[in-house]
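The following blocks contain the structures, represented as structure tokens.
Both complexes shown next keep chain A, but they swap its partner, so chain B is in the first and chain C is in the second.
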Partner chain A sequence: MTQVVTTATSKVNQILEWFLIQFWKCRAPVTTPGSVWKTAPADNLQQCMNLVMPLSDKSGVGRAMAAKAVASNVDEIFTGLSNVGTVHFARFDLIGANLCMFSVYDGDFASYIRDFISVFGSVFDALMLLVEDPPQLPSELHPESFIEWIRMHDAFQIPGEVTLLFPEEPDIANLPRDVILLLEQNRNVQLGRYSAYPGLSAAQIRLATGVDW
Partner chain B sequence: MGDERRGNDLSQQLYDALIADFPSHAPGTRPVHAVGIGAVGYFVPSDVARNFSFAEHFQGGRIDVTVRFSNSSGLPVEDDQAVDVRGMATKFQLKGDRTVDLIMNTLPVFFSRSPQDFLDIAAAGRPKPDKAETRWGRLMDKLQLREPRPAPNPLSPYSGTAGVVKYVDVHRFARPGVIAALGQVAPASYARATYHAIHTFKLTDTDGKVRYCRFAWEPVAGGRPEDRSDLPNDYLHIELKERLSRAPARFVLRMVLGCQGDALDDPTKLWDTTRMRVVMGEIVLTGLAGVEGAGAEPLSFNPARVVNGFECLNDLILAARRDAYEYSCLQRGGTGCPV
Partner chain C sequence: MIVDPAVDLADVQGNILRGYKKRLVRHLVLKVNDAAAARRWLVEATSGDAALAPQVTTTANEEPPTCLNVGMTYAGLDALRVAPDQLATFPQEFIDGMAARAVKLGDTGPSDPCHWKPEWRDPEQVHLVVSIHADVRDRRDETADRVLGAGGSRAFVELARLDGERRSDGVVHFGYKDNIAQPHFDNIRNPTDRPDMQPLVEVGAVLLGYKTPVEDVRWEVPEPREDLGFNGSFGAFRVLEQQVDEFERFLSASADLMMNSPLAYQSLPPKAEDGWDPPLSRHEALRELVAAKILGRWRNGVPLVLSPTSPTPDPRVGTNDLNNFDFTTDPDGLSCPMGSHIRRCNPRSARIVQRNTNHSRRIVRRGMPYGPLYDPNHPDDGVERGLLGVFICASLVAQFESIQYDWMNLGLQDPRITGTNDPVVGNNDPKFSSFKMPAGSSSIELRGFPRFVHTKGGAYLFLPSIRALRYLGSIHH
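Up next is the complex of A and B:
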């Protein structure tokens, strides 16, 4: 009985919160901060890309097709990533009804995507047939729209303390609400990251460990 | 003489401002970080430390250390459960009775860029009676998707938090430090918290290459907040005594190398987590300092007590701390006051 009451209270709270969020979205909207231009060399190393691509067929059949498409192209993906040369790691995951590619790379985002279009764009083109609202294909012929599509599906990244994303908020008591509205706007978010070797490029690590030329 | 006089005046102003924030401050104790406990042990620099600095304590071999852990409050009553910044002041004993200090606390970033900022925020934070939020206030917070105000501390019915919050609404440079301070949690142990030196230091290697660096002590046992509320008010002292009677407590000295564009003389600015980190050594605390850990109480720790190869920058807050710590040491009759 207690559990039923607790569950009902929780549901009522969620409905109330939903209405409050809709109200405050109109009354005090927040803007998702854009990327900040940085000049330090370390800021161009070990960048994260968290690509979340909703599958068009969200059933087990669609998920199995995605798994098969990745598995059957492992050689192309590995060779491509090696040839890009600036990738620390990359992996494909199925999370819910999303095909995800998480990777850490050195350098500029657009350059990274251009590189992977040129070295394994055909694999990506095959994967794009399985996702919702795919970009124009083949990616090799439409690199700019492909890059923009990837940018739109890259999870928003919170660099550190989330409340510091709103330096213009005049009342810090409102910061919790700003965070709620920001997360309403951005369903997929990277909350933090750790690196055992910050400030080093993939090339420096390979060179220092003697596994590359 | 004039400069010295101004410096002294400023030190006294800073000291008085802190005392005013803690009206029940006990004479003969520090104006802040009044309650502390000392430990002794040694520091061993890493093999790579000497590549970054020719300072004596980074060259190799054991260096004896004395550490004082503390709560930042200036109240004479110990309240380890409180939302408070914790301090870890370390004194490295070099050859010939020379010492180097490294003063850190659990704030990764400070809230003042200059002594005047500090005086202003101290004035804004003068304690006032702290009342529990009304039901109406809590309802309004909920409707505005705000967080409810924390309940008043029963041990300290006065609080300056409301004034500080108003201050940071206007003085936005102070936000990172104040938000970090408001988010502090009581640690399970002084040996299970991470401590940061909020200033940037200049390190010089034997080739004359200069690097700008920040430091942190990271607990080898790992960070752990305390989630029990039924512990005695001095549980951190009790825990440290028990811990050191069983085994040493260890911290790694982690150094972060600054990059182009990083703030060097402004402790209100965080550095990005992408900066290169270097392990500079490990501290091993083997026992309490003196009887019941009271051996560090008279000592003067000063953030500007440095040595060649490990030096201060032109940081207004650091310069003011140097003088204010000296003044405070003289006021309480501490030892080793002149830097």
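Up next is the complex of A and C:
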């Protein structure tokens, strides 16, 4: 009986929270900040992309098709990433019903995506056939739309440190309204990142370690 | 000119594929006051009847005595009542505008838009930049008056008039001969083109609707494509103030440093300066060497790759050969450092990190000095001087911004310079600035220099085709 009451109370709270968030959104809409550029060159170097692309077929068959699409193009993709020259790491993951590409690269987001359109755009176009609401294809003829689509599916990145979201809240239980609205609007969020070698480019690492850049 | 028959030169504004040779320029920064009158002016300015209004210059004919061209901001297109669904087809960086991209462009600190000249501080007010080139002041002034007079007086509010003047020797305020290197377009030959050892550039590097220099990629053309976007271009208009006294002090301080450095002999052998024409003292020669190393050319325009130890080599580098070189012959920057200005802006065929971008970011530069000549006998005169520059390309984000962000202010193209800024025009801070001149197996590092060029204003402009100007003039609501 106690379990039933607790569950019911929890459900009621969730509904109340939902109404509260909708009310807040009407009163003070949150806009997602765009690209964040820094003034110090080193801060503009290493960037993350956390691309989350919902599959149109979310079943095991759809996931298998996505895995096959990656498998059949993986050599071309990795060669292409190497030719882009600014990529530290890139990996493809299936997470839930999403095909994801997570990468760390140097420099400007638009330049990075444009480079990989020109290097292996046709391969990426094949993956796009498996995702929900794909961008206009082929990407070579719609580069601006494609870049914008990728930007929209890139996880939102908290500008600066995640602790900055809670500047005046010694008690983490008191959640700031802005943070709730920000996370309500952005389902996929990068909360923080660590680099063992901040301020160094992929090419600098390659040069220092004797790998051809 | 020999012309690709695929390009209708009569439809292309005249300052894109060729540069005018005029001595004077006046840029009128305008706000649309009455949209209907402004549209009527566009119709008249493209009517072919100079009695109605000064005509927009195209590329079709020889350069007329007075040239007039028009650029528009996103706010300007909106002010002319371009439909929202058409406005939405313009690229995001153009919609954002230059001020909104300031941090990406390195326009921070003294170059922050909050410090720009008053006419640029509210980007929503800047709608058109009308550029008038002439050799004679009276002609320039008369044309400007006609734009602003009669119908123009109701159409526009003048926010500013910016005047520039080219020196007869082509030298700009830092003392360099300018305007040596411009792209040579595929199938469009200009008799003044000099050999440059670079592949011809697709016309799609500057005009919308054509094959671009990025393999297989085509930029999207604003809609309606044929009426508005096709044969258009984009321009980054920049008011760039040059701190000549700071620059000259830096050269002297660097020469002081190098006078005591044995490494300097690697770059300028002892007594080499005695063979220069005219001969210079060692200190003066080292000043000139530093000026050359940070730019990539001696101040007389001779490229370091062709003449690493003298601005006046024997035999001389002819005017026709000033651009006839490649960095592939200098892979370690012993002649022309990797961090020098011309090598950052255009690495030519040299090895770079982004292997497919060597020739894909070519842009056209149109610039004219403003302000009085610098007098070394009266430094710190407090007078503003600089360059009125228009950087023209088909994709601001893919070309102008990528050069500015990736190459000039990040040095991403070569791991040996990554993390440093362009020494001449970069967003430098004395606390972090660094420039390395490879010398033998080592290098001379110059540090602690400030930013020499401050942005004082600017806007992203759409440079419509003639057909598009007529279309904009014919919008009805």
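What we mean here is this: the second predicted complex is superposed on the first by the 192 of 213 C-alpha atoms of A that agree within 3 Å, B and C clash if a C-alpha of one lies under 4 Å from a C-alpha of the other, contacts with A are read in each partner's own complex, and residues count from 1 in each chain.
Assume a contact is a pair of C-beta atoms (placed from the backbone, for glycine too) under 8 Å apart; a residue touches a chain by one contact, two chains touch by 3 or more.
All values reported here derive from a predicted model rather than from experimental measurement.
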{"item": "Chain B versus chain C as contact partner of A:L45, first or second or both or neither", "value": "both"}
{"item": "Contacts of A:G160 with chain B and chain C, given as first, second, both or neither", "value": "first"}
{"item": "Partner chain(s) touched by A:G199 [first = chain B, second = chain C, both, neither]", "value": "both"}
{"item": "First, second, both or neither for A:I21, with chain B first and chain C second", "value": "first"}
{"item": "Chain B versus chain C as contact partner of A:P135, first or second or both or neither", "value": "neither"}
{"item": "Partner chain(s) touched by A:R177 [first = chain B, second = chain C, both, neither]", "value": "first"}
{"item": "Overlap of the chain B and chain C footprints on chain A, listed as residue numbers", "value": "38-42, 45, 199-200"}
{"item": "Interface residues, chain C side, partner chain A - complex", "value": "91-92, 103-104, 108-109, 214-220, 352-357, 360, 397-398, 401-402, 405-406, 409-412, 414-416, 418-421, 427, 432"}
{"item": "Chain C contact footprint on chain A (complex, rising order)", "value": "35, 37-42, 44-45, 83-86, 106-108, 110-111, 114-115, 117-119, 121, 140-145, 148, 199-204, 206-207, 213"}
{"item": "Footprint of chain B on chain A - complex, ascending", "value": "17, 20-21, 24, 38-43, 45-46, 159-161, 163-164, 167, 170-177, 180, 193-195, 198-200"}
{"item": "Residues of chain B defined as touching chain A within the complex", "value": "143-147, 165, 168-169, 172, 175-176, 178-180, 257, 259-262, 270, 272-277"}
